[in-house]
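Several structures are given next for inspection.
Common to both upcoming complexes is subunit A, partnered first by subunit B, then by subunit C.
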Partner chain A sequence: MAIAAPSKKRRRKIGKTSWGTYAILTVLMVLFLFPVYYLIVGSFEPVDQALNGFHAAVPSHLSFANYSTLNAAFFSNTITGSLKGFYTVSTLVSFIVVGGGLVVNSLAGYGLARLQFRGRRQLLLLVIVLVIIPFEAIAIPLYYMLSGLRNSLIVQALPFIGSAFSIYLFYTFFLALPPQLEEAAKIDGAGPWRTFVQIILPNAKPAFASVAILSFIQIWSSYLWPLLTTSQPNYYPLSVAIGNLVKQQASPNYGEMFAFGVLLVVPMAIFFIVFQRWFIRSVASLAVKG
Partner chain B sequence: MPEIVLRNVSKTYDNGYEAIHNIDLTVREGEFMVVVGPSGCGKSTLLRMVAGLESISDGEISIGGQVVNDYTPGERDLAMVFQNYALYPHMTVRKNIGYSLKLRKFPKDEIKRRVEAAAEILSLTEYLDQRPGRLSGGQRQRVAMGRAIVREPSAFLMDEPLSNLDAKLRVQMRSEILQIQRRVGVATLYVTHDQVEAMTMGDRVTVLRAGVLQQCDTAQVLYDKPANVFVASFVGSPSMNLLYGSLSDDGATLKVGSQTINVPASVYASRPGLKAHAGREVIFGVRPEDFALEGLGETLNGHVGHIEALGSELIVHFGMDARNYVVEDKGGSVEEAEELLEATALTEHVRNVARVAPRSILKAGDQVPLHVNMERAHFFDVASGESIW
Partner chain C sequence: MLVPGIGLIIAFMLVPFFFSIWLSMHVVLVGSNIPARSVGGMFYSHMFSDPIFRQIFFRSLENNAIFAAVVVPAQTAIAMYLAILVNREGAFVKFCRTTFFLPVVFPMVLTSLIWRAILAPGPGGMLNAFLKLITFNHFTPQYWLGNVHLALPSIIVLSIWQGAGFQMVIFLAGLQGIPSTHYEAAQIDGANKWQLFRDVTFPGLRNTTIFVVMVTTIFSLRVFDQVYLLTSGGPLNATSSIMYLAVSQAYDQNNVGQGAALSVVLCFIILMLSLVQRQVLRERVD
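The block that comes next holds the complex of A and B.
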């Protein structure tokens, strides 16, 4: 009895704090999820209902009407370009940026973390400085630099393949990986490339997943740069197309915009769900390492 | 079976720091050579230089008669066991052990045969298809050994392979490693900071201090005839008592603090060099077991500070009014000793240790005469720290 009493007390105490924590987390979750919920519900509601403030949050009169008018709009040439085309552009650009970025940035991060060369510290400092420069600040000079490539897929992808943030993320990850793994591989007789591909890569999945997710979200939803560099509808990504939808309509159809918004968000959600297993592991490992 | 030969090997870093100074060392065929020294003495650097993971600034390393200075680690045909094992986390035990064979393009069935044979030796057969993350420390250690033996390399390098294990497992793995090494029979260079490990495992032991080789010989010779005061204090646990003393002008007596003892002629017979130090200050060294509570011969009076009863013997910490010689750069053991001293000191000078028969009637604060076995006492030059022979 004497032993049981304090443990009971302690259990109650833990229960209390976790209820408080859950309450705060629930409030935060509602705050974060409400816009997404609104977007999805709104896309299935008539326009007047969707814009009816909080009443819109209570689903009623649900239908696919917005999606079918959006679909019809693409086929009736009231807006130029095709949904399939926008999807293709966005997908290809994202594929180039994510794929190319994983190769380039992981190698750069690995080099910074492992190779000893003159100017390494300065280079690392430069990378950190570049992380904090907002893209908007360099968009115009970049536009003039790459003006010859306008209206192409490559111009939309090129500036985002090399990413200071991704390099830094890889750098910190590789720094935490024990160097003995590579030394063991060296002694086993593996050269630098084989070591990177067969030993480092399989152990760096969390870093690769994190970079893939973050850069995919960034490029998939980027708007300013494709807006600057594309003027032909067959090179528009989804984000620019949704903007043009608003511009090309005499009065904006919010139902269609909601529907288009859902179409924009769904691939990101799928991508995140596929890679989140490693992403969460990497966030957790970063937290442990402090 | 080849030997490893180091000739005038040095390592100086870009910032001018000399990690290894002009080392000559031969690990004979099939020999188990242990390199021991306090942390930061350069022993790991030396091993990494042999492995080819660290460049050498000067000198020559050869393995089996072949100078390997310009060889990559892979070309040197060595196997290395790392302190943290460095197992590939994403590979099963089978793939971990077989990886080097795969890289050397061995046929698949040969790899399978060799991996399974190694697993058999190391009792790892049932774990072959598990990943290292699921294994215990001792099992991981065995996988690391398996990775080393499977290739039948020309030499083994081991970098403190037991330091991540708990004390009991360490003792067990010590003998397992030795057995495997005997079985495979290749030259082995084994680095540790633990002098007990060094003494118990090494055919020969090399003591390193600040990148300089102090002495290389069998454990018994290191213990009985240390080349200098550093080796004397580093080898042996508890370590040797070192006191300043002055020989009389005729050399017949030694004054230690306020006490004077006779130096028998037999000492001069075995150490003719000591004569030249008559009338001068020397460092007088006595191993803890060379003090006794009963017996004949010279006695020094000590003030008992603290007694550790180990059952088989008593470790008596005692003070004397003589000045102790303190060896710097002795690594962990000196700090531990200092801590213990501070915690237990009754007088300021409880710096000496005697190992005496159990059940002796002694208590803290006692003033006791301790008999010194002068034949087994050591003498060192104060200026150079070298043994006087």
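The block that comes next holds the complex of A and C.
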């Protein structure tokens, strides 16, 4: 967990950056960035331009037409659902999963790391085994179990609030905290709850940030589960609404589709740009999980 | 303290895990009151003996295996190379680092959307236009996602584009953990760039590499979104995966038992692979 941000002193250990390295970096950068560039430019192009070979990559005929079409769809409430509805669902579900998850998983992680009770080792083993099982592998039995709750917000959030993975991340973090921190509180007669709130929480900000970011990326991107559990457009999250556009077999309006895609990624992209250091740090923290 | 978190993971992970075994031996229908009917191992024998289903099942297994066999080494190597490239200072390098990581925050739905346009058939498709340009008009436009031989490679390429940045960051963290004294010692011995990589960097990244390989292998077995969105497993099952097959059985055809049986197979493969990899990890660390 305690992996430092790239420190300046340690960088650049392998020789000088040669022109060759810069050339390779540039080529790779263009390859990685091009699809993103195409998405953005294409979202401003009319239907006959967005899919027109290289002409599509040259910014011409640009207009906000696709966005104003989407804007009109934002407040309309038709049988195909409204953009505002998709945003609301995605935002609420993410909020429930990230917020609820931070509370229950940090408590469980702390309990595993510090409380002494019978069956602690077995419980820890259970958490580790559940980390390995990916959600996809249990999606179908879960779909059947929760089929009575289909088309609701809660069904989209429920399976993701408790997370073996988050519990394990919290557990490793709390385990690494020096026990001296809590000893003073213990002498004062504080129970585990008060110790957790007063002593642990202020010292665990990096762990909370990592778990929040990782679970936000996961829930905002999730597609399989909302696909299985929603059939009414007013319960679609953004991912399912866009997925329906991508999946349709007839030639779609690529310009509009791109604009829709931009709207999906904008909240995440803003988050990413503001908290970039934290995003990268939270992914890097996974390296010690092995 | 532990009750809410542990309770939730038991209810929504452990219970469905065991429930899938029960479900795979019963015929049930979503949205009906007809009681479940026990059929024993029928859904399992179906996978191995039904002439049509057997073919789809083995094709999906094979596709998962090909996907893993290409994506695991390719993405690990690319991510390691990117990490070494961006493990230095400078504004431009920092910008590149951000660029390589950016697709990680892209939902697979969005990645599929962009690549559907890039891989579009005919001269209007971006990839076709690009290949035509660099071959001076000698290239015939391909129907990337509709061609039996090109569909799976296309899915593989877009998956690597989306996932490489994630592994790159993990490798970067690994690189930070290699003491610079190791490099200095090797340089004093007159090691060249390749020798530095072979004798210092690669051994230093050993545990990180094992971890990345583990994560990417399991990721390869989970493939669903891009297949469902872009090819529906086609053409002629050329891109079908176990997860795609399971969902199309359970969800599209309301054949939940068969879908559950496929989930059990998937769980079994993943647990077996994890056990093997954990064993390898333990040996290597000792």
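In this text, the second predicted complex is superposed on the first by the 209 of 290 C-alpha atoms of A that agree within 3 Å, B and C clash if a C-alpha of one lies under 4 Å from a C-alpha of the other, contacts with A are read in each partner's own complex, and residues count from 1 in each chain.
We take it that a contact is a pair of C-beta atoms (placed from the backbone, for glycine too) under 8 Å apart; a residue touches a chain by one contact, two chains touch by 3 or more.
It should be emphasised that the depicted structure is a prediction, and the values quoted were computed from it without experimental measurement.
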Residue contacts with subunit A in the superposition, subunit B compared against subunit C: C
Partner chain in contact with A:119 - subunit B first, subunit C second, else both or neither: neither
Touched partner set for A:181, first subunit B, second subunit C, both or neither: first
Which superposed partner A:52 touches (first subunit B, second subunit C, both, neither): second
Which superposed partner A:202 touches (first subunit B, second subunit C, both, neither): first
Subunit B versus subunit C as contact partner of A:272, first or second or both or neither: second
Touched partner set for A:194, first subunit B, second subunit C, both or neither: first
Contact footprint of subunit A on subunit B as seen in their complex: 51-53, 72-75, 78-80, 82-84, 86-90, 99-100, 103-104, 147
Residue ranges of subunit A touching subunit B (in the complex, touch as defined): 178, 180-181, 183-191, 194, 199, 202-203
Residues of subunit A touching subunit C in the complex: 3-4, 6-8, 10-15, 17, 21-22, 24-25, 28-29, 32-33, 35-36, 38-39, 42, 50-54, 56-57, 103-105, 107-112, 115, 123, 126-127, 130, 132-134, 136-145, 147, 158-159, 161-164, 167, 192-193, 196, 217, 220-221, 223-224, 227-228, 239, 242-243, 245-247, 254, 257-258, 260-261, 264-265, 268-269, 271-272, 276, 279-280, 283-287, 289-290
Residue numbers on subunit C that touch subunit A, as the complex places them: 1-2, 4-17, 19-20, 23, 28, 30-31, 82, 84-90, 92-93, 95-110, 112-118, 120, 123-126, 128-130, 132-133, 161, 165-166, 169-170, 172-174, 176-177, 180, 183, 193, 196, 201, 207-208, 210-211, 214-215, 218, 221-222, 224-225, 228-230, 232, 243, 246-247, 250-251, 256, 259-260, 262-263, 266-267, 270-271, 274, 281
